[in-house]
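What follows are several structures.
In the two complexes that follow, chain A is the common piece, with chain B as its partner first and chain C second.
Our next item is the complex of A and B:
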């Protein structure tokens, strides 16, 4: 696959505090990458460095297309409240001067806004402002889209629209990076997720559908878990234990479907308490990666 | 980019504050000269009286512009607007120079609108005249003694008003570059008004110090300074234009250097 973006050993320090510690990352054409992590982990700083609003202390950023356009949706909508939506976008488009009124109108219609609405955007709801931000980010046909908490203020329909828009853009070859706190949304929207903490990537989770099934399975006790683990290992599968320690639950990766798997487990005498299809469980991976400090995940 | 920055700077509700500010300044000035019934004054004294008076200029005209324009960068950072504009610019120098150009354009709009407001207010209070009044060209001895402007008789008031607008725009824009530049180092919205207010008071405090007054930018911002024959420290128009130009070029270049390394 063609690489759109390559970050090499990116480091960012502000004063004595190191915000990002040697980040290496690549992004492929059409890939949707999620970034999750606790507050202050460095997610927004990374997006700012990619967008060019922050300068890295060390490291390099390589774009496959030097003239490739980056679209950005900031964490909070940046608007000129006295102007209407169309004129807000027209002003922003005038900086690059690459598109005209037609493209601006198309982008607004794509996100469900009326380009002829004369109301100043100061009177828009948060969801409408967020849609306007989405419109400005896609209007110039970017090759890379950076979204910082894009679901902020969006109603359920808005979130569904955003999801479908991102899949459309991905199919057109646009690479997308989403930073969000909403694990469920990241899980549904992204092909790959990186878990960020304390300025570095602590884990990477691939959510792309492959030949193998992901099954969430819970068994009764440690003996059942050991039997299951040995069987999985012997059958070219993988199993990942989920926290906490005294609950015997995990994500099983296997080529078998649940109806095919159950007879094997019965034959082995494994007491199954719960079993259901799962994608790679992001919440579990996140909790497992987070550091427990003073009784709370940090 | 320059056009976008100017529209963003000027199309804000706070710019409506120009109307009451210039209304109050002109009425105060007209009231002070109307108190003397025997004075031969006309509408131009409303304009020059307001814009040439250092108290009205520093505490109303200058401070209001500072309030309107110096959050150009700090406001962008807090509203995340830099996120959208900086990534669209081909380079950061272009972004900074657009800011500089938009501040001068905003200063020109501000001065023009201000002069128009003062002119309209003066029309309602003072008689219209096609030439400068006797008060402006040859003020009574009492006014000469307390210090007033004296404009050469042959000056055309329309031409002088045009020069006033251009000089005031250049001076206001140049002064504002300093707090805008500082706001890249300390990105707080109050930095511009605070620096300017402190500067005004420091200038007032040292107004009898010849060396300080020669070095300070504040006395050179007032176009009327060239029309006070008995001023303690006098400057020529050319020297002030060169001074302002050096400050403008200096801060523009320093901004180009700083903006390359700054985080927004």
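Our next item is the complex of A and C:
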């Protein structure tokens, strides 16, 4: 797959505080990458560095296409409140001067806004402002889209529209990075998720369908867990134990589906107590990863 | 606003006695009485807050992600605000000068001219008024630059608008305490304690304007975070 973006050893320190500690990341064409993490983990800082709003202290950012356009949706809608939606976008489009009125109108219609609405943007609801931000981010046909909390203020229909828009863009080859607190949305929208904490990537979860299966599995005792772990290692899989320590439950990453896996476990004598697809268990992975200092989640 | 305050100055002028009331004298009295106090605030409020406004609206990331370099952005902002401030001050004071002709006849400035241009006030009062306008344009540019410089770090519009006034009065107070000739008030009021020539006044404000704008451009370009 063609790489759109490559981050090499990105570090960012502000004063004495280190916000990002050696981030390495690549993004493929058409990939939707989710970034989750506790408040202050460095998610927004990373997006700002990629978009050019912030300079990293160390490291490099490589874009596959030097002229590749980046679209961004900032955390809070950035608008000129006295202008209507169309003129806000026209003003931004005039900076690059690559698109005309037709493309602006198309982008507004794509996100469900009426380009002929004469109301000043200051009177828009938060959801409408967020839709306008989405429109400005896609109007110039970017190759990379950076979304910081894009579902902020969106109603359920808006969230569904966003999801379908992102899938469409992904199919057109646009790479997307989404930073969000909404695990469920990230889980549904993204192909891959990185969990951020304390300035570094502490875990990466691949959610692509048909790539590898994520299975949540619980076994009876420590011997069963050991047997399972050895078998997983021998078969190019990965298993990550979930807390607490005395319950033998984990997320198994394997190329096998549950019906394919079960005969192997029966043959090994592993006593399985529970087994289910773990796609919906990003929350568990996040909680496990976010388990921080002094027993408190941050 | 500047125009209205100058008009108030015109009202005050009528309460003072002078051998001959002329339009040029009315103009000089009005601007030298009121504007030395109000110019820093007007200059900052009218054009100096543009960067802070865009920062507080969160527009900077949208501009910078569209391949506008920080240096180009701040240069554009600086040149734009300087041109706007020049037009605004020049236009307002020019219009006020014209307006004074509606109430008074043209004639020499006998009493209330700038001390540094006394001979000009008597012999060529129009040139005296034009020189005064030029001084105020340059001073307004210096205050505009101060507000831009503050906006590099502060996005609160009220703080940015108030800072040039606060710095101006602080400089006034400190200079008065130290008996310094660099008191900015003296370079606007142009009274008997002030500088001796219009040229020295102009140089003072040109240095202040270039320094404040240059510093704003330099600091903004060297910043590491523009969000």
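Throughout what follows, the second predicted complex is superposed on the first by the 225 of 298 C-alpha atoms of A that agree within 3 Å, B and C clash if a C-alpha of one lies under 4 Å from a C-alpha of the other, contacts with A are read in each partner's own complex, and residues count from 1 in each chain.
As a convention for this text, a contact is a pair of C-beta atoms (placed from the backbone, for glycine too) under 8 Å apart; a residue touches a chain by one contact, two chains touch by 3 or more.
If you're wondering where the values come from, they're calculated on a predicted model, not measured in any experiment.
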For the overlay on chain A, clash or fit between chain B and chain C?
clash
Figure out whether A:80 sits in contact with chain B (first) or chain C (second), or with both, or with neither.
both
Examine A:237 and indicate which partner it touches, taking first as chain B and second as chain C; both and neither are also allowed.
neither
Once the structures are superposed on A, label A:72 by its partner contacts, choosing first (chain B), second (chain C), both or neither.
both
Classify the contacts of A:150 with the two partner chains as first (chain B alone), second (chain C alone), both, or neither.
neither
Contact-wise, after the overlay, does A:127 reach chain B, chain C, both or neither (first, second, both, neither)?
neither
Intersected contact list for chain A, partners chain B and chain C 14, 48, 51-55, 70, 72, 74, 76-78, 80, 92, 95-96, 136
Chain B-facing residues of chain A, complex
14, 48, 51-55, 70, 72, 74-78, 80, 82-83, 91-92, 94-96, 136
Of all residues in chain B, those that touch chain A in their complex:
1, 3-4, 7-8, 11-13, 79-89, 260-264
In the complex, chain C touches chain A at residues 57-68, 224-227
Using the touch definition from the top, list the residues of chain A that touch chain C in their complex.
14, 48, 51-55, 57, 70-72, 74, 76-81, 92, 95-96, 136, 146
